[in-house]
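Single-structure report; data block below.
Chain naming follows the written order as A, B, C and D, and within any one chain the residues start at number 1.
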């Protein structure tokens, strides 16, 4: 049924969709760019900083977007990135 | 009653009997039927002409039969109403008297004459005479035809899984026919599944629907295709070939609906089923009682796009390993004999009515949102809460006719809103008796069984009914309370009422995608946009296309009871066809005269049904009669007169043209109208008594595609002042796209007329559907003005049109 | 896979038995505790494989016939790392294929035994004929610099004894040990005295004493320069590689220091233990003026030649080399200083000869070469001895 | 120092060996990653897992897994694994090596181990080239592609590895690319639980060399190729699954049951041991 939904669902706060926390181990990064390219939520982008290997590691644009799918962890050839679930007790 | 009877016949001579019907005063009130009968008796081959009160009555029919036998009539003409109404009646009579029914012809002197020229008795009578002349002229050339019978596939397709579709499918399946139920949503149930209670009985909607849904789910005769779209419908009555796209659910049917996957799914969106009042995940089931219960993945929302799986949370969560992102869409090809269209309706979007503040004020909700809120299984567990503060309001107002019966929305009455509001008001009273309830209305329409009682009950319970819709809803920004301002038209005073919540009683409107279904099943739609029935009174569930039937809100706004009734009716109608196992198709098909054919293949190019195949070695074409639907556009296209059309032969049509232009041609408009749209439109104009000039002579063809350039040229050559070619709108053509050829031909004719220095305005092309009587009437008025401007030279010039062309 | 449950009689068929050298070799392996044989059929070593194929399953050991000798050697190393005493048996052509992984066994310090029943080469040569032509290949056959152990049985009894000895040395020094037999010893049938199992000396590899830990160093040597050997599945989770590596077993491909350290130790653990490894057999050498230095089948002809010489009053003696590698330099030098000349009968064109000459310094060395079907006849050697006397 | 980094898969790695030697965007790291995920999800006793590798870039993998591991000579990992597995059937022996190592110099060992249905898992990183030696063509290099030893384009036909593995009798055969990490991980898990010889071909990228030589000079370009060319199709005919520039059929090709070498060996040994 084609419905234009505009309201914030009444249960929006109850239904938990996990919030992710992105951890970068910058000096391990070799700059292949997989995590940036394949993040379904476009959480990452290339940063300007230069790591120990002389390349630009990714940086988090907007962590709130992270849906915790963990693909960055899976696709990273260098074990340089991983995500954990944010503790949202105090709200995120 | 007068009689003119001639001598005993010699064999083989044509013996035509003409009957001019009074139709009580319907015709006789305007047309001098006796004069017409007298004229008829003077026409060639007419051996008998009578006028009588009701030709369609039993006595009327008996008379015709008797005459056929006694006077050896071998052609019969009845001048009365539209052949679309009574041709079958008289044909049957002829057959019973041993006369081939294709030797019968009708002159439409009611819808096309008496009713549209109520105040021009003489002119109308002259026109009636012409119409009889034309009919007799054609009759003289009629030939007996053998009808072909085609087998009917004893399977049905039901489009739409709402309560109507469900009922139709179950009825047919229980009768023993195989049914394919195609639903585009993930579950069947439709609108009814969203409702809390049903009026007037106040019983729980899903409680009575769910059992039917599961019956469908497990019925051995029903093939349930949810999440599916119809791509293509080919073929004809009894022999439809339907392509259905079954979109993947990405979950196999081993799904136990345990919901573990949804809990694991990281992404969410508003649940359409709850009108966005609750949340669902990318993998979900729309509601608890969904059928099939198998979950589905919304790939637009899911993190996994195209060829990669980034997120496998659901896959991991699923114990039974039922998730398969590798599923592909399948296209199924179904052979069915009948189709029931039960595609339902949309609801009106009140955001358009800015003054009511929907989507601006949180506490203004729609009646559909109300259903979800008041529903115990709904997003608020049955508590009617204000979205602004989650509090139960102490006062609510219903606003009626939102999007109905008004220029700002739809013109028609949505039929269910009044009772639905009354039901809703009682539900509120039942849960929270102290709630103050106002209903702002135009009229309360409580016409159905048990409706009035419910209305009375509501009033007894203290629901306040105020006549006069508010002009505006204003919000108190602080506490989101709402003020309604308007005029109470009974008390003639302005009201200004404060309530905690406003419920907009929104109307029903045609599906956005109606055009698609319309095109697929070659249906027609009323100006309102709902699908049109073959006859509003006598064939209310048949679509104009043979083998297709209508049920539920797709045909017009209606409540559950009516939808179910109509569904059962549609199922019965489809059942009748399939029970017969075969159907005879009218012997109105193209006919090839091989000797004339030189294999140029132009006919094959224009045939919409691929009924013409080419035999290269013989440099000839071949005609597949079973596939021919009889539009006749091939015949119109053939440059060598190698194809003609049974019952609408060139000779017959030319004879009609000649007869129409026998007297004062230079004042006349010859109109070619297609049977399904333009001619029906003219009938509609008649039924609606729309008056228009008398000098038009309508010639019926099955399709405007049948109108060969030579017919138009003949009319002009005969000195006609103007010619109208009228057919269905593009997309409405009952022969898929034959009317595109019509346009091409008319354009060619226009060019030719320009070349010959003729006024091309004398040839008019119009697209008029069956409900556009008004359009036809005004078109004819328009042409009338042109007729006035056509002078003698112009006519003389055009008389040479054929020779020079 | 452990044969503790198996009754001893099944493992060691004690008593006086009549068998061929190849069979004796197989029985010796079993007695030494070998439970894995990977090989590829080749004359004249095939009987070892055949006997192992029959006997190993009886003692719950594994016999597998690989696709080639390269694989056989690799499988043997794998089995050894899984904690099982493992061997293979072959002849010249197969021995050549094994060289690649013998190198790997050296580099990864893998205890294992390779029996080479020598035949006539080069290439396919004379499959059914005896030879002693792989002596140098046994020493230098694999690329790179290393030390290795090779034993040369000269009787069927020794095929039994030295196979056990080979396993013991392999386990002690974590090194592949070759048993360099020849076609005659391999196919010859003789009486063999198989002792009671308890009287057979069996050595098992040293095990690490420390429990598994994050900084466990699998290649950290002890005083004897040999690292205790951890095996797969015991929780040490260690890494071994054919690359130059440090004591953790991790590759050190660019460090000269690591290369020097590792390769030196691999050589030293043999060199510095040579006295414990080397075995020779002396006969009538006390007052000898002429000495026959020989090994394998040639040593048997040498012995009877020496006896005949003594009968003729010639002071002759025999030094039989049981250990070919590491080469018994001192033993030969000692004899060389005492005698006028040394006679070396060998079934090749002079391989061990070079080592003897090197050790004998000025002492003249007479070489008796033999190729093809015929072993040396005692009289041929006797002639040489008498020649010295004249 | 790794502990506080807290990467979820570090317990499967020799923490003191990371970062590894592989180039930017090399598929080997992803394969190692998926292997770690598989171990994690199956939660196998790491003390009973042995990783064996051969020579080549991926050969270094055994040095990074926190298990018993052995880095053999070129082409021999399967033969070595044969010894380990038969000597101690309790161990899960996984061979992870390259296309050149397993199918050129080591081809013989592969086909015979598969024929025997030896209980080992073989994961092949197929990068179409000899990377460690600087980019020479190998047994899987596609026809007409460019390498340092095919300066005029490759004129050799390439092995279709899944077809080869199936023909040799493997009980489980799958092919995925390094982009299909989730599927690949599932495949590794499945293989690890299978009795008998299982084979997984991982179509992997060598952007540094194969990529540069073949107009895919960045890691992302190679991944793009995998994304666009790969078609998931389970149990299709392996014979028709050659890898071409515009099609890489991925999915499971074989999943059958038949008695493994280990099982038959045990039965035979019991028969033999019982006989007096």
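Following the convention adopted for this analysis, a residue touches a chain if its C-beta (ideal position, glycine included) is under 8 Å from a C-beta of that chain, and two chains touch if they have at least 3 such contacts.
Bear in mind the structure is a predicted one, so any value in this text is a computation, not a measurement.
Engineer: Go through the assembly and pull out the chains touching subunit C as well as subunit D.
Structural biologist: Correct list: empty, since no chain touches both.
Engineer: Tell me which chain's centre, taken as the mean of its C-alpha atoms, is farthest from subunit D.
Structural biologist: Most remote chain from subunit D, centroid-wise, comes out as B.
Engineer: Distance from the CA centroid of subunit A to that of subunit D, rounded to the nearest Å?
Structural biologist: Averaging C-alpha atoms per chain gives centres 30 Å apart.
Engineer: Indicate the whole-number Å distance between the mean C-alpha point of subunit B and the mean C-alpha point of subunit C.
Structural biologist: 99
Engineer: In whole angstrom, what separates the CA-based centres of subunit A and subunit B?
Structural biologist: For subunit A versus subunit B, the centre distance works out to 53 Å.
Engineer: Report, in whole Å, the distance between the mean C-alpha point of subunit A and the mean C-alpha point of subunit C.
Structural biologist: 62
Engineer: Hey, what residues on subunit D touch two or more of the other chains?
Structural biologist: Touching at least two other chains: 179, 182.
Engineer: Can you list the residues of subunit B that touch 2 or more other chains?
Structural biologist: 308, 310
Engineer: Send over the residues of subunit C in touch with two or more other chains.
Structural biologist: Residues of subunit C never touch two or more of the other chains.
Engineer: Provide the residue numbers of subunit C that touch subunit D in the complex, in ascending order.
Structural biologist: 1, 6, 35-36, 38, 57-60, 62, 64, 66-68, 70-72, 74-84, 86, 100-101, 103-104, 108, 232-243, 250-251
Engineer: Provide the residue numbers of subunit B that touch subunit D in the complex, in ascending order.
Structural biologist: 306-310, 312, 315, 326
Engineer: Considering only the defined contacts, which subunit A positions touch subunit D in the complex?
Structural biologist: 23, 25, 27-28, 30-34, 37-38, 55, 71, 73-79, 82, 84
Engineer: Can you list the subunit D residues touching subunit A in their complex?
Structural biologist: Subunit D reaches subunit A through residues 5-10, 13, 18-20, 22-30, 32-34, 37, 178-179, 181-182, 185, 207, 218-220, 223.
Engineer: Of all residues in subunit D, which touch subunit B in the complex?
Structural biologist: That would be residues 179-180, 182-183, 227-228, 230, 232-234, 251 of subunit D.
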